[in-house]
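These are the structures in question, set out in turn.
Shared chain: chain A. Partners: chain B in the first complex, chain C in the second.
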Partner chain A sequence: MQIDLRTVSIKPVRQTFDHIARRFGDKPASRYQEGTYDLQQTDIFHYRPLWEPEHRLFDQQRTQVVMKDWYALKDPRQYYYGSYTIARARQQDAAEANFDMVEERGLADTIPATFRQIALALLVPLRHVEWGGNMNNSFISAYGYGTAITQPCLYHAMDHLGIAQYLTRLGLVLEGPAALDTAKDAWMGDPRWQEMRRLVEDVLVTQDWFELFVAQNLVLEGLSYPLFFDHLDNEFSTNGATAISMMTRFMAEWYAESSKWVDAQIKVAAAESAENRGLISSWVQHYRERVGKALAPLAEVAFGERATAVLGDVTADFNSRCAKLGLAI
Partner chain B sequence: MSTVFIAFQANEESRPIVEAVLADNPHAVLHESPAMVKIDAEGKLVIKRESIEERLGRDFDLQELQINLITISGHLDEDDDEFTLAWKN
Partner chain C sequence: MDMQATKKKVGLKEKYAHMTRGLGWETTYQPMNKVFPYAEFEGIKIHDWDKWEDPFRLTMDAYWKYQAEKERKLYAVLDAFAQNNGHLGVTDARYINALKLFLTGISPLEYVAHRGFAAAGRNFPGVGPRVACLMQSLDEVRHAQTQIHALSNYNKHYNGFHDFKHMIERVWYLSVPKSFFDDAFSAGPFEWMIAIGFSFEYVLTNLLFVPFMSGAAYNGDMGTVTVGFSAQSDEARHMTLGLECIKFMLEQDPDNLPIVQKWIDKWAWRGTRVLTLVGMMMDYMLPKRVMSWKEAWEIYFEQNGGALFNDLARYGIKVPECLSQTAIDKEHISHQAWATFYQYGGASDFHTWMPTDEEMDWLSAKYPNTFDKYYRARFTHWRDEAEKGKRFYNGTLPMLCQVCQIPMLFTEPSDPTQICYRESEYQGEKYHTCSDGCKHIFDDEPEKYIQAWLPVHQIYQGNCFNEGVDPTAPGFDPLAEVLKWYHVEHGRDNLDFEGSEDQKNFAAWRGLATKNV
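Then we have the complex of A and B:
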């Protein structure tokens, strides 16, 4: 008896879900596409929410920004739950290793006293700002429209929570639990932090979710992260406080990655119409001034008399970034 | 001229790579087998890091190709940015 082996190619009856096929054609779709596009309910809402009867549960009117298709705001990192958690788990491992190294070798003791003070005075109270970032992005994912933007905003919110925890641990490593109380007191009472606290609290009660996105993710992060985790970080590394840089490495890495996502959102929304561009530009101008004012006293703690120059550099970089995104500022 | 080819396992990770290769090499021909995709190209086949990164949305090291690579034929010229198959004799 003779047996012939041959391969039989079986074509699948359908390549992907119908709603994905309607958008991209009937071909194999990526997990990101399947886990993102047209997932949010758009029709047949039986009840209006009791707490806001003028809107539907998911409503495009909750922001002044108008998009023909909210799914145009896609995430260049293509994060869906799986890829996001895998990426962050990898970074978490690296960060843990850094903290372990600092703790095992007692590197915190080698940090010069002035820079230890700067880190305690600036980085630890920042955990309260990060909590604001967490709340704001949670708000966007709750009230925003379209899974393409609400999904990464929820990830962004979790990232802020993670960063707040890293900042907390940095305080614990440098000074122990007392550092957290001191930082909370500074946040609540120190005049140098009050402008920042007012800003964070004002942003917390902003109702337009896209304005919130611009204020929090573009302007506040776009100015404060380069200041604290790039310029100040250089200061730490060049002055023998590399241990602090090791503990804040995730923030620098994360900012480089997440700002690409923020840029993509702003760019697409601004390119949609002149009204959007005008609206986003005016938000940027408004919050840039407020964030600049809030950062000024903090930059002074970090850089002394060079504060204005450093803040000027950061603002200039931010302005050219916005210009590249097509904003008129 | 003769044909060079490269074959990958057909899965979620290799799909953006295959898309990038086909976009960069209009003369390439795709053969889909069960669990495998094979790309034939007359003379030369170039795989560019940049176009894979564009589709993947993250940094990509060309050596990551090896994870899903089944086989290649042709003389290989590899650097950080490009992975080129060609018959150079």
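Then we have the complex of A and C:
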């Protein structure tokens, strides 16, 4: 059954803004479209930046990747601010319930000592890597080109901050503030973390923002998230350390969602031209080697003698992902 | 068990510190000045970033939760507004022109603020200010989008909104707000914080955002006013960040004082000039006025700003040097600006009109020293001429100020009947400014301001016509060609409100909604 309310109907003069209509025709547009396409100014700027006079304020020359239309890089999740915050709020509700449960029931005390140590040694220092992820994505959001990619990069930056904060809470739940100090010392001085820190710092000074995107969002995340939040997570949940899985569920879900967005960017950029494809592929090769080297000592902490095999699996999955994206690696 | 002892409750402030500044580290594989390359070139000295006091303590999970709640409510109202033809509830269709000014002149700036704060959120070596700047960057993209989404429904029914992105980069008067943000973003991160974080968000927000949103409330625009209410708590956070930033800079090193004072003087004046557009909106474009521009200036700048500067006096900060001129200008600028837009109503993307007798009486009462003496006769004359079918449109192009880019429409502080011009020379060329304030800014950084893309100069240089247009062809109409390049639809977007398509449609639709025909 259906009831029909009658309203006064007025014929609109136009359906959407001209810059949207030029792309999609004059028909009702989505909030993602009106809140994204062509928002960044492109043509006329008054002053050269004092901090980089060789470029314009927004400039396509800040990366070697060339796109005819940077708005080809759309977000399959169609996130604008409202839909982004509403999606994350739902996820944080679940995360909060998990942390509450772990804390109220004292579940941290049920974690076997070995796995507690592994979590403290790996997941807590990882918050510094996440902070690097925040910095790299805010860089892209500031200096990248076209709202279609700069907007989700800010969301991605804030997600990394959120994840760094969940990892901080995990440390606090497991061992209090001392866990954070120990992890910071390991990050700064433990030989097992130094390849990772060197990599993160090298990426921080990378100036080509699309290279940064590849290094951080495709390669570093593409190898480390499956390692820590899938393979290692399996170890936790099959060995009585479910409490840790509960506290990192956000990360696992987040990676499944955000990697689809990363894939869409890489796929479209690589398909644009042979030059782009070559460039992105060579970046992937370069960073895959470096990330592999950085993860090897950490995988050993996690998986002992199985480390090489697990890392091999992760890399093989990553390679087939890249192949699907059209990269030659 | 000793486990229990280490797990003592962590205080809120301490916990927040772990969640933010605890994440950072001193890099060693790459030098810090390479990781943060823009931290020093402006001459601001920071010795200890740990002295930064977080202006608000919001972790990401809390941010997502609060903001999502606000978004759900806001979009429910916007949907209802669209479904029920809320636009027909506004006082009078003239009001909608204030929204055009807002969408074309302000929303694109919210977007630039988002990018600029993302840059600041990457560039400061301190984690505390970076996190606060990133949250503001996120809020600013929110503001750009919620404004666009709210006004999208107006765009469907009224002219002038339809190509705001194209227009902000081209239309003559929109270079005023655009160049303001280009100026701030092209400066370094510290100047950005004084320009936008402090001057714009703290000192001037009550004179910009608030008048538009209050105007919406007074004129029955429930969609737009809900956007305003929804942004209030964001704006409060931005204000505390701006204030913390300036205090931090002043506390870190006494050498920062002269630099900060220079920026305050510059951006207070630059901001005041941009606000001319708001003044004219408040006094002329709102059918139901909130208060006069002069009253708003006195309450929000002279009184509230005065209290703020008293508070900053302990650091050696003085009130901006433009204050004596603004005390004179507040009686004039809204009338001078509206007179200009009325004359150039053929070249803008919104409608203009002359006030009714009743409205002129209101202006006389609010501006007893100036309105009748300097402006009423001119406005009455123009209105009489229009009634005789001789609506006045100025066919020439005005000279623009090299700094604020407003046409030379302001008068001498000592003589409201004389247009004010100032002249500077740089590398053998003459440059003109509208005031001592703008001349001062020009003379301090001439190498920056000579780059300005001045719309009138560009028209005369032939840079504002579509490709293939031949200015030497017989019967060439420069204004018509410029409008095409602007994407301003002649006869629909521009000219007088009287007789406009907006006026006719609004009347017809309101009739449809309120009468049985």
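Criterion: the second predicted complex is superposed on the first by the 320 of 329 C-alpha atoms of A that agree within 3 Å, B and C clash if a C-alpha of one lies under 4 Å from a C-alpha of the other, contacts with A are read in each partner's own complex, and residues count from 1 in each chain.
Just so it is clear, a contact is a pair of C-beta atoms (placed from the backbone, for glycine too) under 8 Å apart; a residue touches a chain by one contact, two chains touch by 3 or more.
These figures come from a predicted structure and were not determined experimentally.
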- prompt: Is A:30 in contact with chain B, with chain C, with both, or with neither (first, second, both, neither)?
  reply: first
Query: In the superposed arrangement, which partner chain does A:10 touch: chain B (first), chain C (second), both, or neither?
result: both
- request: Look at A:45 in the shared chain and tell me whether it touches chain B only, chain C only, both, or neither; answer first, second, both or neither.
  value: second
Partner chain(s) touched by A:1 [first = chain B, second = chain C, both, neither]: neither
Task: Please determine whether it is chain B or chain C that touches the greater number of chain A residues.
output: C
Message: Just checking: does A:80 make contact with chain B only, chain C only, both, or neither of them? Give me first, second, both or neither.
response: second
Query: Now for A:274: first (chain B), second (chain C), both, or neither, which partner does it touch?
result: neither
Statement: chain A residues contacting chain B in one complex and chain C in the other 7-8, 10, 31
- prompt: Any idea which chain A residues touch chain C in the complex?
  reply: 7-8, 10, 12-19, 29, 31, 34-35, 38-51, 57-58, 80-82, 85-86, 88-93, 95-96, 109, 127-128, 130-131, 134-135, 138-139, 141-143, 147, 150-151, 154-155, 157-159, 161-162, 164-166, 168-169, 172, 175-178, 180, 184, 187-188, 197-198, 201-202, 204-205
Task: Would you tell me which residues of chain A are touching chain B in their complex?
output: 7-10, 28, 30-31, 75-78, 87
Query: Which residues, counting only chain B, touch chain A once they are in their complex?
result: 12, 15-16, 32-34, 56-58
Query: What residues of chain C sit close enough to touch chain A in their complex?
result: 3, 6-8, 10, 14-15, 18-19, 22-25, 27-30, 34-35, 37-38, 41, 59-61, 63-65, 67-69, 71-72, 74-75, 83-85, 108, 111-112, 114-116, 118-119, 121-122, 127, 130-131, 134-135, 137-138, 141-142, 144-146, 148-149, 152, 155-159, 161-166, 168-170, 175, 178-179, 182-183, 185-188, 448-449, 451-453, 487, 501, 505, 509, 512-513
